[in-house]
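Labels run A, B, C, D, E and F following the written order; every chain starts at residue 1.
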Amino acid sequence: MITEFDTSLPSIRQVQNLIKEGAAIQIKLLTGDLLTGKMIWQDVQCLCCVDDHNQHVTVWKQAIAYIKPM
Amino acid sequence: MITEFDTSLPSIRQVQNLIKEGAAIQIKLLTGDLLTGKMIWQDVQCLCCVDDHNQHVTVWKQAIAYIKPM
Amino acid sequence: MITEFDTSLPSIRQVQNLIKEGAAIQIKLLTGDLLTGKMIWQDVQCLCCVDDHNQHVTVWKQAIAYIKPM
Amino acid sequence: MITEFDTSLPSIRQVQNLIKEGAAIQIKLLTGDLLTGKMIWQDVQCLCCVDDHNQHVTVWKQAIAYIKPM
Amino acid sequence: MITEFDTSLPSIRQVQNLIKEGAAIQIKLLTGDLLTGKMIWQDVQCLCCVDDHNQHVTVWKQAIAYIKPM
Amino acid sequence: MITEFDTSLPSIRQVQNLIKEGAAIQIKLLTGDLLTGKMIWQDVQCLCCVDDHNQHVTVWKQAIAYIKPM
């Protein structure tokens, strides 16, 4: 899988901004799980969210339904 | 993932029109969630919908089942 | 995503025929939803179905399990 | 999506044989649906199964969990 | 879809070994199904498992969650 | 599927570190399963986790929702 992280995409930039701002967000997964916390990094495959228990949760982007601010 | 946003596709154009018109829409997700609101932008990976609580919800297109007008 | 709409595929041609015939069809989605209506266009990513309430439903092909005539 | 239908694959050949033999099969879908019938054609995206009610069901291969003989 | 079966991958080699050994395995599918049996071949798209009823089940790799020995 | 294992990705490196450290982790799958154990290897398609019963579970990355430390 040739991986190119296209920072010109609004969706990629929006996640970058949420990371910079340290915004509290909700991530709804295709499993039905609703993760809450702050994103600390993203790449083409995953993003990392520090949850309310200060745990680093590596989320596979393939499993994301939507992200929205708390 | 080489990303090319093909605006010649009817489906891409249709979402662009719904954005321009500010149409109220329903988005059914593979999680079973039914989001309602107005779309404000899209890219190859996601679209952003302002929901009835004026929150910006970034929806991953991989999770979309269908979109239809309210 | 380089998009090539391969009209030599039997599955693409079959949907084109169902569109031309205005055939009434059922679309079963991975969400479990069963949409009924008539397809009016398709592209590599989506197809559009006018449902029994005359609403235009844009269905993402990624969410389709099967299509069959009514 | 560049589409190449690789008939050297055992899985493609196996479906071709089941079609030639007119074998009765079960197709389990990711929706949990269990379709039964006889396959009549396949391409890279779909396969077509004539079900027990003699209806042509176009199944998207993306939705298939497994296929097995009756 | 350009198909290259990369036998240098540990996961491909592991399945090859399980096939050679005729090991009894469990395959958990995204449908929640738990298939048990012995794998007899794999390709880039599928693997074939002979189940406890001696039936050849062609499993689409897209539907696999995990494989583990009995 | 041309397979390139991009070790520059933070997500790939993070799994590599968890493997080196022998960290106990939880893997949430799209089936809803929650696997616990220690990862011993990964490739572009799968990762292998030794579970609490000392069984080697080969997990398809396509089925992963998230990974987090115990």
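Structural remarks
Throughout what follows, contacts are C-beta pairs under 8 Å (C-beta built on N, C-alpha and C of every residue); 3 or more make two chains touch, one makes a residue touch a chain.
Quantities reported herein were computed from a predicted structural model and do not represent experimental measurements.
Chains that touch both chain B and chain C are absent from this assembly. When chain centres are set by their Cα atoms, the one at the greatest distance from chain D is A. By the residue-number overlap criterion, the interface of chain E with chain F counts as different, with under half of its numbers used by both chains.
For the copy pair chain A and chain E, the superposing rotation over Cα atoms measures out at 120 degrees to the nearest 5. Here the spacing of chain D and chain E, counted between their Cα centres, is 18 Å. Remark: chain A and chain D have CA centroids separated by 36 Å (rounded to whole angstrom). Residue numbers of chain B whose C-beta contacts span two or more other chains: 1-3, 29-30, 32, 44, 62. Listing every chain once round the ring, from chain D with chain E next, yields D, E, F, A, B, C.
Within the complex formed with chain E, the chain F residues making contact are 1-3, 29-33, 35, 41, 43-46, 48, 51, 55-60, 62-63.
Those residues of chain E whose C-beta lies close enough to touch chain F in the complex are 1-4, 6, 9-12, 14-15, 28-30, 32, 44, 61-62, 64-69.
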